[in-house]
Structure formats: structure tokens, C-alpha cells
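What follows are several structures.
You will see two complexes here that share subunit A, one where it goes with subunit B and one where it goes with subunit C.
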Partner chain A sequence: MTGEGARQQLLKLALIWLVLLALPIWMPLVGGYLALGTRVLVLGLAAMSLNFLLGFTGVLSFGHAAYFGLGAYGTGLALKLLTNSTPLALVLGALLGGMAGALLGALIVRRRGVYFAMVTIAFGQVFYFIAFRWNSLTGGDDGLRGFSRQPLNFGFGSADILNNATYFYLFVLAIFALAVTAMGFLLRSPFGHTLLAIRENERRARFLGIPVERHIWLAFTISCFFVSLAGSLNALLNNFADPTMLNYTQSGEIVIMVVLGGMRSFWGPLLGAAVFVVLQDYLSSLTTNWMSFLGAIFVLMVLFFPRGVLGMNFIEMIRSARLRLRAPGLSR
Partner chain B sequence: MSQLILFNVTNGFIIGAFYVLMALGLSLILNLSGVINFAHGGFLALGGYLAYTIAPFVGFWGALILSPILVALLGLAIERLMIYRLYGRDPLYSLLLTFGLAFIFEDLTRAIWGATGLPFSVPAFLTQPLSPDLFFVTQYRLFMVLVVALVVGGLFLFLRFSRLGIRIRAGTFDLDTVSSLGVNVRRLRSFNFALGIYLAGLSGVLAAGQLSLEPTMGANLLMPSFVAIIVGGVGSLPGTLVGGLLIGVAAGLTTVFWPAASEAVIYVMMAVVLLIRPRGLFGEEGLLS
Partner chain C sequence: MQNAGSLLEVSNVTKTFGSLVAVNDVSLSVMPGELRAVIGPNGAGKTTFFNLISGFFPPSQGRIVFDGNDVTTLPAYRRVQTGMARTFQITEIFPELSALENIRIAAEVAAGFRLRPWINRQEAAALKRREEEVLDLVGLTGKADRLVGELAHGDQRAAEIAMALALQPKLLLLDEPTAGMGDQETYEITSLIRRLHRNSRYTIVLIEHDMRVVFHLADRMTVLDQGRLLAEGTPQEIASNDAVQAAYLGKAI
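Here is the complex of A and B:
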């Protein structure tokens, strides 16, 4: 990477983190509310985790809601029955989803393409029915209630994330930062480059002696772990978990966030999640037929902007357009 | 007890027949075009509701014949307008497109016909139970199984012996060769898609008389149909047939002993099949995997 490119990259990162860190200040100014920002972060993390698999490993999972929901239920149950430490409950929830991902992943890594998608969708539904039917533990259709996030205790002081929305946002941002940094480092490591190689040409990767199945299984498990962490945060956000979080419609929504933001970009899915969450919030306040509008977004998106209308692709588009304007003689 | 078991196995068999019709349509489309049609449940519900609307004018029999054809025509239009653009592209896109269509279908059905269940009346002579002992075997259920058997039999004969059917099966294995032999693949896929949607519409009409008409009735049948395809083996239509009946009966049997697990059991079956025989019961190795 040239010095110029590295500086631009650094500038972009600084800008993203600055915008996220200052969100509690600017969100009310543009007419939003802070919980909406927190929701964007949570679903953004879910979308970025899915993209670890979808965009960077090239494996089509359409059942990630299962792990998102498992994290939520795990954290909710941990807070209700086991502990009153929020971070511990968070870790337990994420581990639950991650372990489920590791188990099911082992069953399905040999499948590819449409087949893989279909198996992930179908398996996702198991957890939906468990949550829906196991009334005594999960509260069934009514959802899991009776838990709430607990104030953080640092030893030298405490933060009341239950009642102070800004503190909670910052807590979510901190977890988000940890998770995203971890994924970023993983993708820059030799392991991450191997995943890219598998995405680009699986057969060649196999000829080079790369254990493809093991890599895909690892990527699947990592992705499930982080999506489950996002689900855990979602349970903390709402102090509630319900079966619809596990349903395949939720999976579809996470996938569309990724595609909306651009699958080839690391940060794109966050932007996709922001657009989706804000749009959903706005549409559902506007009309009872918001499902049709949401469906129309899916359809239009796929037909006209398959590479993502947003995210870095958009910036690329502007940049290349500007280049063409600057040097008209050189362009084709 | 034995009556209870018989009752639930019969129930499971009937539900299995729905899975079969739905899964066969999904399978046809998946095999030839590589598209997982998420909107299949939406087409099914539409078939039921359309039959409900036109039945006062054309009667039950008219609705049984007309409604699936109308739904198939709508399917054809959607394929010609949108879905054909996605053939050969990453399956992600057709998944998302049909997913969005499913949203629109469900929402529009709810907007037009309402969210609460509607009754769909079948001819009186079909509602009689067979005997007081076997109160659950109504004539309608027998009739339904008969229709499913006829349609499935017809479909298999069509695929086995007609020129068009042979082309569809050949295309499942090697579409490029079929194309280079001079077959209009574009048209073949359109026809095949409409055929799949016809099956969805037909199961919609049949389901309307058995279950109640609800906007989500098709979506509820969608996931088990996926399981039926995977258990039977992707790429194999007989496999889909066996898979559908198998999981229907398994779910019915589980209802007797452990009702809460009746939905989850089919996924356990799928896990077992994937573990022991990853290609599915009748699946061919290497196809679509």
C-alpha cells in the first residue's frame, strides 16, 4: 500500500470512529433517538459478522438469525438464572451461539452454494421451534422476560447502563469495537488471506494443500460467535428476547443489510444496517404495509444495485466518475 | 392408543402430501434453475385465496382447476420479468429477490383478504367421515390424497416420457449440452418455473379446504419442504416425494409421544441424514453441492 493510500485508510477509520463516538451528541440533533443508534450498532455488528463469512469467505449462510437469537436467549437466561454480571452474561450468550455454530458447522461444511444456503436456513429453524415450544424455560411465544442488564462495576467506580442510555450506548460501542477489531485482525492475518483465497478459487486453494473444509468451518464458527455476540447485545438493549429473533425472516434481514452495504467492503454492512434500521423504523411508523415496502427494497436492490448502493462501492463510483471528468481524453 | 397413533399417522401423512406437492415444485425450480424460491409459500397462499374468491362464481371444481392456473400465470410473469435476470448469477441474489417477493405476497394477501382465517367450503359429500370409528378419515382427506397421487403420478409420467419432460430432466444434469442441442433453454426454464408454481397453487387450493386460509399458511409449509428436499436428496424428485411423506409421518408420530417436539423432530431427522448420508436418501453425489 502506498503512503497516500495508507493515509486515506487511516483518515477513513478515524472518521468512522469519530462519528460513532460522537453519536450521542449528534443523534438528537438530526431528530433521532439514542436507542436507534444502539440498534444500528448491534445489527451492524451482526451484519459485519455475517459478512466475514459471506463476503470474505464466499460462503452463503442464510440462517444466521439462529445464532443471533441463541446469543440473546443465552444472555437473557444467564442474567435471569445464573449471574448478575452483565459482561459475564454477554460472554455466555456469545459462547452458546458460537458452540451451536461449531456443532452445526461441522455437519454442513461439505455443502456448497445453494445447498449450503438451504441447509443453513433449515437448521436455523430448529432453534426457533425450541424457543417457541419450551415454554417453561423460554417463555414460548411471549418471549423471555424477567431479566435486565445490570450496572457495570469496575472496582473504582460503576456505570449505570440500565438507566443511562448514553452509558449503555458507549458500552455497546466498546464491545462493538473489540469485536470489529478482532475480525479486522483475523482478516489481515494469514488465516484471513487463506479465506480470501478460498473465496476466489476454491479448487486452486485445495490444490495448494489448504484444508478448505477446516477453514470454512473455522470461519463459520467465528462468524456465528460474533453474530451471537450481537444477539446478546440485542437482548441487553431490549431487556427481552423473543422467538422472531431466531426466525429465518431475521436471517434475511441481516443478509440484505450486508448486500445493501456492499459485500466486498469491511465497513459496508454497518452502513447497510444503518440504512435498513432507520428505514424500517420510519416505514413502520408511516404505514401498516411496511412489509411490502421492505420487500420492494429487496427486489429493487437485487435487480438494479446488486453490488450495493451504499458503502465503499458508492465512494468508488464517485471517485471513478471524478477521474473520468478530470481526464476525459483518457477514458475509453 | 392404537387409534391415537393411527389418527396422528394419518394426519402426518396428509400434511406430508402437502409437503410433497410444495417440495416437488421447489425441487423442479431448484434443479433446473438453481433458484431457491422463497416466495413459494406466497404462491401457495395466493392459490388458496384465489380459489376462495372465485368459488362462488365457478364452484369448487372450477376453482380447483382455475385457481392454480391463474397462479401459474402470475408465476410465469414474475419469472419473465425478474427472476430470469438472475440465472447463472450468485444464488444469493435469487434468494434475496424471492425473499422480498415473499414479504410482498404475504403483506398484500393480508391487505386484500384480512389477517384472520377465512373458511373455504368444500362440497358437502366430501365432508362426511368414512365411518364413526375412523372419524378423522373424511372423504375430503381421501379425495385430497387421491388428487395429490394423480398429480404426482402425472408429473412423473410427464418427466419420464414426454419430450419436454425429458429435456427438463436432462437440463438438471447439464444445461449447456441441452442448450447446444438446440433446445430453447430460456423457454424451458420459464415453463418449468410455471409448472412448479402450478403445484404450489394446487396445494394452496387443497390446503384451503383442510387447514384454514391464513396469509402465513404457505410460509409455514416452506421450511418443512426444504427439509423434505434435503432428506430426500437435492436433485432427485423421487427423493423429494419420499422425503416429504417421511417427515410428515415422523412429525405425526412424534405428536403422539411428545407433542412439543413435533416441529423440531424433522430437523433432527435432517441432521441424522446429513451425518450418515450427506447427499440425502436418493441424492446424486456432486449435484449442486
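Here is the complex of A and C:
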């Protein structure tokens, strides 16, 4: 990378983190509320985790809600039954989803394309029905209640993330930053390069000496771990977990966020999640049919910006629009 | 029969697909530093034979020994680790990555870094040297930052060969390296292969359709016809072989 390119990259990163860090200040000014920002971070993390697999390994999972939900239930149950340490509950939730991903991933990495996606849905639905039916543990259809995030204790002081929304936002931002940095770091490493290789050309990857299935399994497991961390944060955000978080419709929403934002871009899914969450919040205040409008917007986006919001090349768009305007004159 | 000192020893391999016998009892012995051409009319089983050597699928019968190790049942990615690298008849590259990135991935895997989450400065420097060396060898230095998918066909082929070279292989397997190329590109790839053979001392086995290319390049030739080994020898011997004339050259020249 040239010096100029590296500088631009740094500038972009600085801007992103500044906007996220300052969100508690500017969000109320533009008429939003802070929990909406927290929700964007949580679902943004889920979408970026899915994109680790979809955009950077080239494998589509349509069952990531299962791991999102497992994280949520894991954290909820840990807080309810085991511990009153929020960070510990968070780690336990993420590990639960990550381990489930590792186990099931081992069974499905030999499938490809549509078959892979179908099997991920099927396994996802298994967890959905378990959460739905196992009333005594999960609360069934009513969801898991009776837990709440606990204040953080640093030893030298504490932060009441339960009642102070800004503290909780900053806590989520810190976890988000750790997770996203880890994923970005991995993608730039030799291991991350092998994933790109698999996305680009599986046969070539194999004949470079990469055991393709094993690497897809690793990518799947890592992706499940982080999506389940997002699910854990979601349980903390709502102090609640319910079976729809595990359903394939939730998986679909995460996929939509990724595609909306742009799956070739590292940050695209965060933007996709922001668009999705804000639109959902706004539209659902206007109509109960908000999903139809969101669907229409999604269709239009895919038709006109197949590479997502961040995949748009504005300069190129303006140039080609100009050419199109000029073209009839040339042909006459 | 084991030839003393051979790098690749293929003994009596057969590959059947259902009732079709694609490769029938073929043997081949390649010495280090040799450039061997495998020729034959369409459907002779050349590519299947190549796929057996490179581990695309295992043979139905027979044995393959490479560099002293039996690799008959080894999967493709493990064979690469033993020092075999191949290219494909239809170029297989990473189209949305730059030429340099294509080669870098190969170099990293060859260095044993495929599971590494980070590399240190010295390792990065060694990789960089390797990448530059390989880019220079195939003449892509000026195009290193271009996306491979956007390069001309001949350059894509050069990039694919460069990836194979970045693996630092003991044996280079090239499946029709000049397929679909014009005269100029064919000339460039041919001189690249000659340089790799004569100057860099690579052991090369290649499949080729273009007879001008083969007779110029090869030390020895293996002729397949209908899955069987028809003849083996120097280009001169092959050119004067009656059976080969009948099966192949008579039609081609």
C-alpha cells in the first residue's frame, strides 16, 4: 500500500471511531435516543461477524441467528443462575455460541453454496425449537426473564451500566471495539489471506496447499463466536431473550444488513445495520407493516447498488450518469 | 520398476470412471532437472493423468512415489506440501486480488504461515524478497498492483505460474500452459518455461498441444493414446516413431 493510501485508511478509521465514541453527544441532537445507537452497535457486530464468513471467506450461513440467540440465552441464564458478573456472563454466552458453532461447523463444512445455507438453517431451527419448547429453562414462548445486567466493578470504582445508558453504550462500544479489532487483525494475517483465497477460488486454494474444509471450519467457528458475543450483548441490552432471536427470520435480517452495507467492505455491515435499525425504528412508529417498506427498500438497494452502500463508487456513478446524459446526442 | 534417483515415479496407474477407463496402466519416471512433455490426441487421458499425479483424485490402481515418499493416497493439499505445484488448463487464479496478493498468499502458505495470526518483521521481509523474485522471474513486476482478473490472458497465465513458483516446488506441473493463446503470448510463455528449466533448474512436467512448443522444449516426451502409454523417448525418437505418427502426428502436422 502506498503512503497516501495508508494515510487515508488511518483517517477513515479515526473518523469511524470518533463518530462512534461521540455518539452519546450527537445522537440526542439529531433526534435519536442512545439505546438506538447501542442497538446499531450490537447488530452491527453481528453483521460484521457474519461478513467475516460471507464477505471474506465466501460462505453463506443462513443460520447465524442460532448462535446470536445461544449467546443471548447463555448470558441470560448465566446472570440468572450462576453469577452476577456481567463480563463473565458475556464470556460464557459467547463461548456457548462459539462452541456450538465449532461442533455444528464440523458437520457442515463439506457442503457448499445453497446446500451449506440450507443445513445452517436446519441446525438453526433446531435451537429455535429447543428455546421455544424447553419452558422450565428458557421460559418458552414468553422468553427468558428475571435477569438484568449488573454494574461493572473495576476494583477502584464501579460503573452502573444498568441505569446509566451512556455507561452501557460505552461498555458495548468497548466490547465491539475489541471484537472488531480482533477480526480486522485476523483478516490482515496470513490466516485471513487463506480465507480470501478460498473465497476467490477454492480449487486454486486447495492446490496451494490449503486444507480448505479446515479453514472454512475455523472461519465459521470464529464467526459464530463473535455473532454470539453480539447476541450476549443484545440480551444485556434488553435484559431479556426470546426465541425469535434464534429464528431464521433473524438470520435473514443479519444477512440483509450485510448485503445492504456491502459485503466486500469490512465496515459496510455496520452501516447496513445502522440503516436497518434506524429505518426499522422509524417505520415501525408509522405503520405495523414496516417490514414491507423495509423489504421494498432492500429490493431497490440490491437492484441499484448491488455492492451495498459502501460499495457505491460515487465518482464513477456521477461520471456514468453524465455519459448516459450525453449518449443520446452522440447516437443521433 | 524403480528408477534410481528419479524425482517422480508413477507405476502402472489406472483410473476408471464407471466403465470408462480414462488412464490405463501408465508408468512414468521423471529425473530431477528434466523437462518432460506429455502429449496425445484429444481424449487420450492427459489431463486425467495429470490429476492423478497432482492428487485431484486418487488412482483406481497403481502407485505414485514422489521424492522418495509414497503419495498415492495423499490429498491434493498435502501433495503440495511435499513439493508439487500445478497450473490448470483453464487458468485458476484469485481474480479480485492483485498479482502481488495472489503470489503473497502462495508464499505465505509455502512458508508454513497459513494458520498464523501474525508474522514478524524478518518473516515479512523474507516473504517480500520471495515475492519480488518470483514477480521478476515471470515478468510481472510492473503489473504487481493490478487486479489479476483484469490482466491479459497471457499475464494471467504468468501469474498462475508465479503462484506455483512461490510455493518453491521441487516439481512443476503445467497443464497446457499455452492453451488459448496467440503467437506472441505463446512465445512469451514458452521462453518463460525455457528459462525456468535451463536457468532456474526446475523439474517440469507439462501437457501440451502445440507441437512446435513441445519439440523445442522437452528433454523427453511421453505419448498417451486412448488412456494407454503409446511411446516414450526424446523428441527425435518420438518424431520418427511409427505408432505415434499413425495415432497423432500424422494428423497434427
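Throughout what follows, the second predicted complex is superposed on the first by the 308 of 332 C-alpha atoms of A that agree within 3 Å, B and C clash if a C-alpha of one lies under 4 Å from a C-alpha of the other, contacts with A are read in each partner's own complex, and residues count from 1 in each chain.
FYI, contacts are C-beta pairs under 8 Å (C-beta built on N, C-alpha and C of every residue); 3 or more make two chains touch, one makes a residue touch a chain.
Source: prediction; values computed, not measured.
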Check: Should the superposition on subunit A be reported as showing a clash between subunit B and subunit C, or a fit?
Finding: fit
Check: Where does A:186 make contact in the superposed view: on subunit B (first), on subunit C (second), on both, or on neither?
Finding: second
Margin query: Comparing subunit B against subunit C, which has contacts with more of the residues in subunit A?
Written below: B
Item checked: Vertex subunit A; arms to subunit B and subunit C (CA centroids, nearest 10 degrees) -> 80
Check: When the two structures are overlaid on chain A, which partner does A:298 contact: first (subunit B), second (subunit C), both, or neither?
Finding: first
Notebook entry, point to check: Of the partners subunit B and subunit C, which touch A:212 in the superposed model: first, second, both, neither?
Noted result: second
Margin query: For A:200 in the superposed arrangement: first (subunit B), second (subunit C), both or neither?
Written below: second
Checklist line | Which of subunit B and subunit C A:125 touches, first, second, both or neither | finding: first
Margin query: I'd like to know which partner A:282 touches here: subunit B for first, subunit C for second, both or neither.
Written below: neither
Notebook entry, point to check: Across all Cα pairs of subunit B and subunit C, what is the smallest distance in the superposition, given in whole Å?
Noted result: 14
Notebook entry, point to check: Of all the subunit A residues, which ones make contact with subunit B and with subunit C?
Noted result: none
Note to self: Going by the contact rule set out above, which residues of subunit A touch subunit B in the complex?
What the structure shows: 54, 60, 62, 104, 107-108, 110-115, 117-119, 121-123, 125-126, 129-130, 132-134, 248, 252, 255-256, 259, 289, 291-292, 294-299, 301-303, 306
Next item on the list: Note which residues of subunit C are touching subunit A in the complex, please.
Entry: 54, 75-78, 80-81, 85-86, 88, 92-97, 101, 104-106, 108-110, 113-119, 163, 167
Item checked: subunit C-facing residues of subunit A, complex -> 185-186, 189-191, 193-194, 196-197, 200-201, 203-204, 206-212, 215
Check: In the complex of these two chains, what residues of subunit B are touching subunit A?
Finding: 30, 34, 36, 38, 82, 85-86, 89-97, 99-108, 111, 223, 226-227, 229-230, 234, 260-261, 263-264, 267-268, 270-271, 274-275, 278, 288-289
